[in-house]
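By written order: A, B, C and D. Residues from 1 in each chain.
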Amino acid sequence: MKVSSEIDEFKDECGIFAIINNVEAANIAYLGLHGLQHRGQESAGIVTMNDSQLYAYRRLGLVSEIFTPEALKKLPGRTAIGHVRYSTSGESSISNAQPLTVHCSKGSIAVAHNGNLTNALTMRKDFEGLGAIFQTTSDTEVLLHHISRSDCNDVDAVVDALNSAKGAYSIAFLFKDKVICARDPNGLRPLCIGKLGESYVVSSESVAFNLIGAEFLRDVNPGEVLVFSEDGQMASSQPLHSARKSSCLFEYVYFARPDSIIDGVSVYYARKRMGAILAEESSVEADIVVPVPDSGMAAAIGFSERSGIPFEQGLIRSHYVGRTFIEPQQSIRNFGVKLKLNPSRTVLEGKRVIVIDDSLVRGTTSRKIIDNIRKAGAKEVHFRISSPPIKFSCRYGVDTPTNEELLANQMTIDEIAKYIGVDSLAYLSVEGLKRAVDENGGYCTACFNGDYPISYEDEGVKLQLRFEGL
Amino acid sequence: MKVSSEIDEFKDECGIFAIINNVEAANIAYLGLHGLQHRGQESAGIVTMNDSQLYAYRRLGLVSEIFTPEALKKLPGRTAIGHVRYSTSGESSISNAQPLTVHCSKGSIAVAHNGNLTNALTMRKDFEGLGAIFQTTSDTEVLLHHISRSDCNDVDAVVDALNSAKGAYSIAFLFKDKVICARDPNGLRPLCIGKLGESYVVSSESVAFNLIGAEFLRDVNPGEVLVFSEDGQMASSQPLHSARKSSCLFEYVYFARPDSIIDGVSVYYARKRMGAILAEESSVEADIVVPVPDSGMAAAIGFSERSGIPFEQGLIRSHYVGRTFIEPQQSIRNFGVKLKLNPSRTVLEGKRVIVIDDSLVRGTTSRKIIDNIRKAGAKEVHFRISSPPIKFSCRYGVDTPTNEELLANQMTIDEIAKYIGVDSLAYLSVEGLKRAVDENGGYCTACFNGDYPISYEDEGVKLQLRFEGL
Amino acid sequence: MKVSSEIDEFKDECGIFAIINNVEAANIAYLGLHGLQHRGQESAGIVTMNDSQLYAYRRLGLVSEIFTPEALKKLPGRTAIGHVRYSTSGESSISNAQPLTVHCSKGSIAVAHNGNLTNALTMRKDFEGLGAIFQTTSDTEVLLHHISRSDCNDVDAVVDALNSAKGAYSIAFLFKDKVICARDPNGLRPLCIGKLGESYVVSSESVAFNLIGAEFLRDVNPGEVLVFSEDGQMASSQPLHSARKSSCLFEYVYFARPDSIIDGVSVYYARKRMGAILAEESSVEADIVVPVPDSGMAAAIGFSERSGIPFEQGLIRSHYVGRTFIEPQQSIRNFGVKLKLNPSRTVLEGKRVIVIDDSLVRGTTSRKIIDNIRKAGAKEVHFRISSPPIKFSCRYGVDTPTNEELLANQMTIDEIAKYIGVDSLAYLSVEGLKRAVDENGGYCTACFNGDYPISYEDEGVKLQLRFEGL
Amino acid sequence: MKVSSEIDEFKDECGIFAIINNVEAANIAYLGLHGLQHRGQESAGIVTMNDSQLYAYRRLGLVSEIFTPEALKKLPGRTAIGHVRYSTSGESSISNAQPLTVHCSKGSIAVAHNGNLTNALTMRKDFEGLGAIFQTTSDTEVLLHHISRSDCNDVDAVVDALNSAKGAYSIAFLFKDKVICARDPNGLRPLCIGKLGESYVVSSESVAFNLIGAEFLRDVNPGEVLVFSEDGQMASSQPLHSARKSSCLFEYVYFARPDSIIDGVSVYYARKRMGAILAEESSVEADIVVPVPDSGMAAAIGFSERSGIPFEQGLIRSHYVGRTFIEPQQSIRNFGVKLKLNPSRTVLEGKRVIVIDDSLVRGTTSRKIIDNIRKAGAKEVHFRISSPPIKFSCRYGVDTPTNEELLANQMTIDEIAKYIGVDSLAYLSVEGLKRAVDENGGYCTACFNGDYPISYEDEGVKLQLRFEGL
């Protein structure tokens, strides 16, 4: 198999935020996006509505860098939606940054979308045949074409568009006098509602409410459509085709912040339970349990508690790596990884070490970490992963490598153990993961076992002519 | 009247460039845009076509800053179009930067446009009624909607779109296997064709050919459509509705570079003739002729030659003003203007001075210059403008103030003379200007006398809902 | 008392690094400084010696940003010293960035210094009386004046200069054919020696050796002077006045990285022991132990282990705060602190919480953290500090507030508890801290009890005329 | 001979500015430095004195970029000196940026210097022997060492220091209660005095007074020392060794702005006379006179007037070249030069052209300009230089190439004509130049004929150990 040397982790996908009926709408949206920054670090945008006119500010970069006081001053109005994004292409690009903004028969509309539509190319071809022009390569754009061609009112136009689409979406539409939010019938991506004084707020994750001091009301239900009028009323309905609940387990494993609660489950405690169940399933004699910080932290605490093996900080994370770090040309082996995560010789030397991480994608970084741990004197290295082997690409908005690039799709566990150089390797079972999150189930396990909950219409349809806005 | 303190000059509008069948297409387009930089300093963009796919790079800033070697490497292909732009809004914005790129039933298309359509809003309303969505506020976008809805071949679709549009356009369309260029039937904006080895090049002004070492072939005719196949063949036709030739006199007065030739007339010599005829029409007893550099330079040489009054550098232009200059808060009167154009006391003191400039828009800067010249000891100041009074806003792509903000629309010449503080003031006559450019005529004089050559359909149509991509 | 709202933590002081006899001297110094970045984030510099000529590169910023490949190429030679620094003034300044470089009778010399001289002003006055000119406000500069006026050889000149100085110094001098390193007789600041192939390396902390793959040899002894010849020989002597060993306890508490070993003691395990002894001294009934990340992490692990109270991640640290973060004007209470450290409601709600941090300086940040923890639903909050109360300013290179600004100098523990809003507060005892680090003692406890190990000659001497290089 | 391809022009050297007794001292100094920007574009600095303390701000870059309102706010006080500088080394460096600031027995002192000392190395060696340390490679630093070692009062200390130095200096010293300015006995570099309300201002050139609205009082005399007390009194004396007046002719030819007056002579009219005398000395039959803008402008006007040959703009200067312009790799011949100065085909084609420039250093750029003019169709090209051939390097502060790199030192005029490709070439005679400036004489002609007015003590003395602050 070809083992790519590219960055060895999942990319967070996207996060969305909305606020209705607030004099400081743009400011609050900015603060809310801070709390969703971990879901996308490539670009961020806020669009506000004021007097039937959209004001948009979208840039490449981090939320804290983009939204200067000057930028926020340019975003008047009492209603705002925001978006953070990690691009799926290698090339950073502003042209797909969201929220998208368009102008059509229904006036100006903006949309922010987390997820992925699995029949977007098919819909796109259909609209092109009708004379539509596309200005992005985003799957989200087809929804706007659907809405602009509808004779119905705004809400029905949105519902029709969503019903014609398939796939994953937590989404917010900004109209001149309302905001419409929806979560796909499978509930693949998270979305929740909060209240800040007289204002409603909607967010991909509840942590954003903590930051802005908003009260958490509830999760948006799979298939639910919420209409917020500009004066701050909320109406709920379930007009979308129903489907079996299949929310994304990787939100709990990796994407979401530990201080978020998704569909009633604390992400932090779910991770601790993953670690504890992992200890039940596959503990081993060892002297210390060491997390890969920060991703393996909660699971390692859970593993240590259940196994009774002491928890130690054996890998020290540096906070000063910087973005512009340049690996020295001819020099220190694994320097980049050591700079980020230095193995502490005093902790590791002569020890039998259980290393805990949350997932294993390509294995290239893990391999270096393990090598560094051995060089720091560890006697044995046992690697424990608090999620099952990932064997299939995600179709619902997570930027996974192709099947061919996924280590667990190409190798047995023994082969992987050998490849990354550990004395033993074990993953959490799918059942263990489900149990850790919530025994009632309703999860998508496609990336573990290929059981995709939604049919894939775009198979074979290609975007033959593409353009790239660099 | 309200005398605005805003920047007191016309904004250059836009410049376009195209190259077909060249291994270094993006590089040559970049060099060509250098030569058109004076036509727009806000943003620049190049789009190339390679293997049916567009590659686009558009940014705010100057050509020299935007197109780094890294940027140019991202633009493969043997065909390219480019654009420089000055935004008409106060706010700098990337969202209207050209070339526009879209994807539709005809594949990927890019377009670069200099000019302004006078029925764009009307067309836009029509398309919106048919379900189209707009993602820019540019008038150019309507042409793409027209093309995408056509069942004809690419060329006919472009011709139909242009025939349904009214107004001014020098324009280049990039299709997967061809480039289509056109100049509006009135010939309002310039466009010319050159040859660089086996490659055709098209440019708003001939100076771009000088820079890249291309041979000037000819001007594009008003109403002419040129189709360049990807292998470097050119086909010409005149399929557009015919109209009376009305090319823009202000290209000669102000916009174009002196080293360009437009419709067979050297811009530099036209400006010298304007100065000479101005001397015939309204010379005055004086000691020296002083140009406002660099805009009044050529006219002042002509004025001096014809009048026999010596030409002197009485205003020294600084090349180090910088972009970030900040006017000191409580301090030196007219400092900013002096920093840019310092009156030389040794030249001016005790003299009767004729100051020559090419135009007078709001008069705010001229007023300060005159004040500075007087402070430097000039005995008399006579202001001579090498173009007629501007009384009407341009509808064809020049960012003019509203009629109410145009000095000459609101005041008599005597009032203006008093307002800017000169002993005498004279403008070139419209007849004199025509004579200076070319006695055969065929010019648009709308900004001088309100004689607009094209009917204005968008009067009263408003873009009620607008969005701004900041 | 006046409670300042300034940043509520100690500033790391400085870090130094040296490498002798290596073809990649500048590159290795750069990598070594990465490992010392936590000791100073304001400026960094590297000076190399090549063919009797110094090459210097010093800038404001982080190591990773400053030393681009282009910058490193400008630093030839087989010998290098480097420095990272945190400025003590509020204003960032390049003029005091180190290594300092001078040219004198002994040729060109560079020096990198961590520490503070307590008779620098007195020496400075003396030298000024002899006609010397000073170009920095750094205390280090007096050593160079001493050396330049010496008739002795380089080594004796350095020894004489150090013997005339008082205070704290881990220091490296770069001469044309040698590097001289020294640690002050009290051993206040750390310094250690390593070997990388045929090259010697010297560093403030051993973690830099881990990063570059160098072997740790030993700590430099208090009062030891090391001379490294350019061909890689090392000679050691103890020519400095002897003094009682008084190494800085705060290196263990706060400054040093947990993966460093200082004077034979692992910083990580020392911190765990601080937590454990703190649990012995002042545990309390509670449900969970929560560290303030990352500073309280190791102590919290130790506290949890000893007390048996479960360790939980109750404060989630964000890695995306960014440098340019701007606190919203009229908005969310404690937003900045929450953004950095968000209290996790699911962990804290209804719990009796022991919060562990390493130190308490002004208390302003702690107060906000506690407030946020309470708002997240904690039933009781018990604050435990793994170091004793700081009552006296440091004179040996740590940028402490004045005595008047130190919370523990102005308030009783009960008053502090009330001020920051906790149910109980306890500090580690001085004896407990000593025991946690090393029972054999030899530590400076001045900041806890005012027992300064070195007399302070500069008391009352003022730098009456100062200049500031902004 | 080796013809270097480096930048083919003299570097402006430096400019200095001082203001005494003004509430806006830093602001005025900033505005004044704007007017001296042409004398040095690499770095700029302002130092103010407030309450016996210096405040300094020095940066690489242009005046307009460096001195933001924030920067100016950091410069309190009623007295300021400023400096603009062009580095003589290829590498841009901040370490030699002026004003220099030091602290010594006389308190804090700052100094700004235009010129070059010809015994600086000798003095430096002497001071090093006495234990002095140098922190820059600037010749100016020796003066400060001299002053700091003096037992006299400030003024006598400065006079002694200047009397021990040789060479060229227009210089300003900032002491805690006074500013001392001086011009070297030969008067090599210009310096003049003005009055702005109750404040004295001193500047390298009078144009700075025009900009800030100050009244020009007079030039500083060669050998004059001026002492300005902090309350705005001025005292003049002539305490320096006397010498024959030898002011720099190149100030008139090239360095100074045309709107300055130096030693009673208008730079603009001097240049016009150079052109006129050049026409007398070596005119030729031709159709047009074309200046190389902007350097040859005034001389070309004078040449045209005297010869009767029409003046035309045949080379168009672009104002948008930008700093970051990158010459295309494989492409257009002489593109960079054309981009900056495009030959106008309509003006040049078929013409016999006299091209006027002010000087010819290495000839590399001129060669390209000539080539471009020929390609634009000129029938004959006659090159006229409004200064004599430069055969010797300057020792007084102008960054000239070595003798070996000076075209006129290595080739006859015929050879040069052939090398740069012109039909004829002529320079202004030395006598003609003197006559153009001022028939009374008193000029340095060393660069033309090697007649250096000051003995050169540093010949053979080398700065054996050097350091470079990059």
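The definition used in the following text is that a contact is a pair of C-beta atoms (placed from the backbone, for glycine too) under 8 Å apart; a residue touches a chain by one contact, two chains touch by 3 or more.
If you're wondering where the values come from, they're calculated on a predicted model, not measured in any experiment.
> Go through the assembly and pull out the chains touching chain C as well as chain D.
none
> Could you tell me which chain lies farthest from chain C when each chain's centre is the average position of its Cα atoms?
Result for max centroid distance from chain C is chain B.
> For chain A and chain C, what's the span in angstrom between their mean Cα positions?
38
> Express in whole angstrom the distance between the two chain centres, defined as the mean CA positions of chain A and chain B.
About 47 Å separates the centre of chain A from that of chain B.
> I'd like the Å distance between the centres of chain A and chain D, where a centre is the mean of that chain's Cα atoms.
Result: the chain centres lie 60 Å from each other.
> Counting only residues that touch at least two other chains, what does the list for chain C look like?
Chain C, residues with two or more chain partners: not present.
> What pattern do the touching chains form: line, ring, star, complete or other?
Looks like a ring, each chain touching just two neighbours.
> Every pair of chains that touch: which are they?
A-B, A-C, B-D, C-D
> Which stretch or stretches of chain D touch chain C in the complex?
52-58, 71, 74, 91, 94-95, 100-105, 107-108, 110, 128-137, 144-145, 148-150, 176, 463-470
> Could you please specify the touching residues of chain B with respect to chain D in the complex?
Where chain B meets chain D, its residues are 24, 27-28, 30-31, 34-35, 37-38, 41, 62-65, 68-69, 207, 210-213, 257-259, 261, 266, 268-269, 294, 297-298, 301, 305, 310-313, 316-326, 328-333, 335, 338-339, 342-347, 376.
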